[in-house]
Amino acid sequence: MSMIDFTTGLNNLAIETPSWAYGNSGTRFKVFTQHGVPRDPFEKITDAAQVHAFTGAAPTVALHIPWDRVSDFAALATHATDQGVKLGAINANVFQDDDYMLGSVTNPDPRVRRKAIDHLLECVDIMDVTGSRDLKLWFSDGTNYPGQDDIRARQDRLSEALAEVYDRLGDGQRILLEYKLFEPAFYTMDVPDWGTSFLHCIALGPKATVCVDTGHHAPGTNIEFIVAMLLRAGRLGAFDFNSRFYADDDLMVGAADPFQLFRIMHEVVRGGGLDPATGVAFMLDQCHNIEPKIQGQIRSVMNAQEATAKALLVDADALKAAQSAGDVLGANAVLMDAYNTDVRPLLASWREERGLAADPMAAYKASGYFDKIVAERVGGTQAGWGA
Amino acid sequence: MSMIDFTTGLNNLAIETPSWAYGNSGTRFKVFTQHGVPRDPFEKITDAAQVHAFTGAAPTVALHIPWDRVSDFAALATHATDQGVKLGAINANVFQDDDYMLGSVTNPDPRVRRKAIDHLLECVDIMDVTGSRDLKLWFSDGTNYPGQDDIRARQDRLSEALAEVYDRLGDGQRILLEYKLFEPAFYTMDVPDWGTSFLHCIALGPKATVCVDTGHHAPGTNIEFIVAMLLRAGRLGAFDFNSRFYADDDLMVGAADPFQLFRIMHEVVRGGGLDPATGVAFMLDQCHNIEPKIQGQIRSVMNAQEATAKALLVDADALKAAQSAGDVLGANAVLMDAYNTDVRPLLASWREERGLAADPMAAYKASGYFDKIVAERVGGTQAGWGA
Amino acid sequence: MSMIDFTTGLNNLAIETPSWAYGNSGTRFKVFTQHGVPRDPFEKITDAAQVHAFTGAAPTVALHIPWDRVSDFAALATHATDQGVKLGAINANVFQDDDYMLGSVTNPDPRVRRKAIDHLLECVDIMDVTGSRDLKLWFSDGTNYPGQDDIRARQDRLSEALAEVYDRLGDGQRILLEYKLFEPAFYTMDVPDWGTSFLHCIALGPKATVCVDTGHHAPGTNIEFIVAMLLRAGRLGAFDFNSRFYADDDLMVGAADPFQLFRIMHEVVRGGGLDPATGVAFMLDQCHNIEPKIQGQIRSVMNAQEATAKALLVDADALKAAQSAGDVLGANAVLMDAYNTDVRPLLASWREERGLAADPMAAYKASGYFDKIVAERVGGTQAGWGA
Amino acid sequence: MSMIDFTTGLNNLAIETPSWAYGNSGTRFKVFTQHGVPRDPFEKITDAAQVHAFTGAAPTVALHIPWDRVSDFAALATHATDQGVKLGAINANVFQDDDYMLGSVTNPDPRVRRKAIDHLLECVDIMDVTGSRDLKLWFSDGTNYPGQDDIRARQDRLSEALAEVYDRLGDGQRILLEYKLFEPAFYTMDVPDWGTSFLHCIALGPKATVCVDTGHHAPGTNIEFIVAMLLRAGRLGAFDFNSRFYADDDLMVGAADPFQLFRIMHEVVRGGGLDPATGVAFMLDQCHNIEPKIQGQIRSVMNAQEATAKALLVDADALKAAQSAGDVLGANAVLMDAYNTDVRPLLASWREERGLAADPMAAYKASGYFDKIVAERVGGTQAGWGA
């Protein structure tokens, strides 16, 4: 048997979808526009609510500030509740102002650093209103050329900025510090790997945890190992789920390497990460550059559920027995038995027991929602990554 | 002694700068705007002419269609001549129209393929006017998800499109077929590697050659090996120079790995690539996201010259002797002796013999050109990667 | 429906196991010895026959010369037939003699080149006796340091050697030219990628084809794209199957990335590679450093069958329809539906219809074969990678 | 000016050479034998002394236990002193016993763990005799297949083993905990990255520091960033220098990417790593598979000196000024000015001031030492990686 009951595990898997997944996105080469795209944060949340309505597993929506800045966040929260979802993590954005060309909190210019920190503090203010627990910090800060700036001085600046924000956190609020190997900086990123993020988190205190974005690693990195390490150290705060063949491709989670996603969820199950007390937040962070956005989110939630279901099917006792015996092939076979199982019928049952359609994608397509938003959302400016 | 005379080799190194390097560029996260950026193709060429004026080694400018589409290309050519440069390769762009979301010449929709091919043919029309020899073809075409489209069918479509364009080429015109591992497509690119490009070139005929972009390879790829192979096969048409630490970072050539650039130029010298009869075009294809653009181009030209100068200093006879004797360290030492030489004084002399300033960067900075364009270029829309 | 009937496709999947997989193997750090390991080629074939006996899908055994050199190859072939298998490809080994330190067929020393070519010709002599169709050529040749040898001259030598061997081939004999990115050479390999292998094959003629080892690529390489390209060009001769997380790890095929294996087999099915007329040989090339060897081979054969079965389940008509319509998620879903199917029951039925046990691994374990060879194989020298 | 005086910096650069570099080495495919190779630890040290005699910069020799186990370590230490060098770090080897097939200190079997820990404790005993400060711990431990063992349980075992060894350390003794991405394990390594090593070091205490092997990272990893981080955190204990194009190629340091080595040494200088009080040990860990071993070590020491000399030439004031001003190209140019300088004359002078030959390689070749050892070292078993 697994370390957590199958149904409990699935029930506990709440996947937060990101508001920005519903807007247009693209590469530096081209942002292709799609039909029916939201024009404001309210419409994004309405779309996100569809994902939850059909999957039953996406109850919260992450916001991105300033993209989702509204005059009345309490009204936005109420709108979310009316739609059947809640506001989730606040993602601070300090990378889309010309001032941030050479960095935000690590910029050599103290004026720019002050501006960036003020934005982070403003995000905590918003959290107070929205009731969000998590402040997600991803910094695009870094350098493009050797010598451009002092690596160590930038760490000192980062440390100082984080400390100020940490001190501002209220009870029950956390920092999720995300790392990324490269892009948009191409020589150094100031938080390039889990080691750097972890180092800053332990310096800050217990309310600072690491966010693992599955697309932010060097080729060959064993992500599930990092997950196991962070769970063991009590510092895994969140996932930003997506998938990739090359770099930070931001494809639908599970699309590029479903076996990797399963292995990650196996370590989550193994390390107690599906127990709400552990505090691991499961978030999507993806771009649907060429596929329909709501469908892309529904498929991603389903992929995450399928990987989790397989992980929950792993026979933990048999696995431990084979591992202890040094039975290499036997232990691997226990894991693969679970992976090779077709869990789609199990998930269909899980949904039907909750009054949901067995096939969320088909149900969504049949709902007419997409035609409705295409017809309604005329005029205005489509949401995207622009400020 | 080297296989080509040092001075002759340097004299033959003509580096084409790209019109788009003078406009704004960035990542998907942000395009930072800079001061004094050109508003139209004429201003781009004026800037490019500065690079040639101070380096004496950048006599031509590549155009990007449609970014550089003008009503009168003859007038643009005349403008170039007036500025002391000439128009170079025509870079076809079939990736910035919503129609191309699922591909251009490999799109499953024949209407879109027709549109894309027509654009390529239009580029040859422009070449007829500008007197350009080279049509550079880089296709962003590919797929993001397994199964999204049929890999083989896309090759058939690509083959068909290339054949039609090839047939349209006039005497003295060539196709340069560029390859790229990934981005913007994240599962397959339709021309991901030199093997694919080479395969299509030999199917097309002698006027089709491969373009090697130094940032378009998988990690660990030995680029100079590819250069040697293509020179041996008579199919190296051009370089798109830039440098990278991670992916297609498009940093200044020589900035990330100057030793690699030297090794590449060593193979170019070894394979006769500095002999104009070989027909290798040396082009820059870079982004100056955070550094001043004209300075970035000047530095890049100088980096390419330094690497070439070192390659020209390799004692070819000593190298061959050590190689033939199986003297591993001795042969390596011959190469490293050239690399470790400080060639900056040699290049200063080369410049002064041509009436140029010994230090092109300092001379450019002292010229007041930058202040002039900042003052003059008020109003209008800064050039960038937009259509 | 698929492009080939499900059962026919499975029936046509004949997987050749390598004689060396039954001997000891390891890394440069340590070769761990196992119990019951064969002491000579005859015992290797006896072991290989077990894999076929329990899976029904591994009818041939590849030999490695000189590791499997015997005084009487006809007797070895008879032994194989007695055991229920046949001898397969001959793998030439020109990397384990001190003479080959700086290369075999590309060595700067003509004496060494002659010796190496003679060995290759001897391998064809052996093929004449064993009735083997395929001469597998993998060259460890390359250089460790820039400048160590001349890249282009080595290609000339390679070309010359291949031509001599090609001319020696009899009717119905082929060269399979394998490529590998690195190891054991660490700067250049003389055949590092499919482009190089392909270039030499087309220069040689129709009896020269490419061998794709699934562990021999740069990180991020899309192997199924290469497979599709080679099938389209009529030059895919063989696979060396194995799997890897990092480099040429030589793990059991399907162990590291079962989805990749499925995608490869999907391209094989799509390109007609399961039609015997296409001439694609499916071989394992793996190391069982820490797991039992015969079990490791059985598991690998089963993994290859499962991936193939899933590929055969792909609804080709539905896939084509979705692709043609530009339905990104729909087309991907058709592929994933097949991948997510649990094909183990289908394969159990396929086996039982052939009089085999439904579970080959369990049946092998129950057979007592392993205890038998452990008891019998006392004394002598265990087979390994040694010369 | 730099942060440390040029001559002082060079004087402080003491490079420890590894005893195993003088023995035969190779890949899993073949260990090529060379002439004159030592047959025992005494001869290795005699060879190592040559490197110091000609470079003046390699005063200590690292030992590998059990490869260098002798009955009387005091005698070995005396022999070293007689030759002009001293014994350095003790490298524990727990990877070449059949017992360690599934791990040493992380093995699921407590008996094997006990055996491994006892070996580590024995190494500290040896350190007491040799006067060594550093116990270098590199564990080959890991798994090849998903599920093979429990990632987290292995960390618990590792933690327990390290604690026992840490407690055994005497005054002035340290643990250097090395990390490695992969090889010989191909799914997980138990210490795959600096984050893991760092985490264990801070758990242990101040006498535990990280060892950075320059060949042990994922592709694209920015090593100098890690160096800067560890120096800032006071946990950079040592380097294992070598270079690589692909994986852990173990080529001569500086051979594959001299610019990277320079950037690393720039961070060392910047972070005070050339100040002996910082306690950074500079060690070589290389394989000379195809080149003469003593020459390979001499070249490596020279390469490290050249990179360090360039780093010491960086104008720290100008660099800081440009960085503070946000002058991207200016700051990069300050760094590149130092890198592009030909420091060989400076190093020749440094040597001559110390009574050494200006050209250590030429002097060594002229010394006749190699002919002498070839003649003398007849019979016996050449040293290699074997147990």
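A, B, C and D are the chain letters, set down in written order, and residue numbers restart from 1 in every chain.
Definition applied: contacts are C-beta pairs under 8 Å (C-beta built on N, C-alpha and C of every residue); 3 or more make two chains touch, one makes a residue touch a chain.
Composition by chain, UniProt nomenclature: A, B, C, D = L-rhamnose isomerase.
Model, not experiment: these values are computed from the prediction.
Enquirer: Could you tell me which pair, A-B or B-D, is linked by more C-beta pairs in contact?
Expert: Looking at contacts between chains, A-B has the larger number.
Enquirer: Rotation angle for the CA superposition of subunit C (L-rhamnose isomerase) on subunit D (L-rhamnose isomerase), to the nearest 5°?
Expert: Rotation angle between the two copies comes out at 180 degrees.
Enquirer: Compare the contact pairs of A-C with those of each option in A-D, C-D or B-D, and report the one where over half match by residue number.
Expert: From the options A-D, C-D or B-D, the copy of A-C is B-D.
Enquirer: Roughly how far is subunit A (L-rhamnose isomerase) from subunit B (L-rhamnose isomerase), centre to centre by C-alpha average, rounded to an integer in Å?
Expert: 37
Enquirer: If you average the CA atoms of subunit B (L-rhamnose isomerase) and of subunit D (L-rhamnose isomerase), how many Å lie between those two points?
Expert: 40
Enquirer: Specify, in ascending order, the residues of subunit C (L-rhamnose isomerase) that touch 2 or more different other chains.
Expert: Correct list: 102, 144-146, 181-182, 187, 219-220, 222, 245-246, 255, 259, 290-291, 328-329, 332-333.
Enquirer: Spell out the residues on subunit C (L-rhamnose isomerase) that touch subunit D (L-rhamnose isomerase) in their complex, using ranges where they run on.
Expert: Within the complex, subunit C (L-rhamnose isomerase) touches subunit D (L-rhamnose isomerase) at residues 25-30, 32-33, 95-96, 98, 100-102, 140, 144-146, 181-184, 186-187, 219, 244-247, 249, 251-252, 255-256, 289-291, 385.
Enquirer: Write out the stretch or stretches of subunit A (L-rhamnose isomerase) touching subunit D (L-rhamnose isomerase) in their complex.
Expert: Answer in residue numbers: 102, 108-109, 144-153, 155-156, 181-182, 187-188, 192-196, 198-199, 202, 217-222, 224-226, 228-229, 231-233, 259, 263, 266-267, 270-271, 319-320, 323-326, 328-329, 331-336.
Enquirer: What residues on subunit C (L-rhamnose isomerase) touch subunit A (L-rhamnose isomerase), complex-wise?
Expert: 219-220, 222, 245-246, 255, 257-259, 290-292, 295-296, 299, 306, 328-329, 332-333, 339-342, 344, 361
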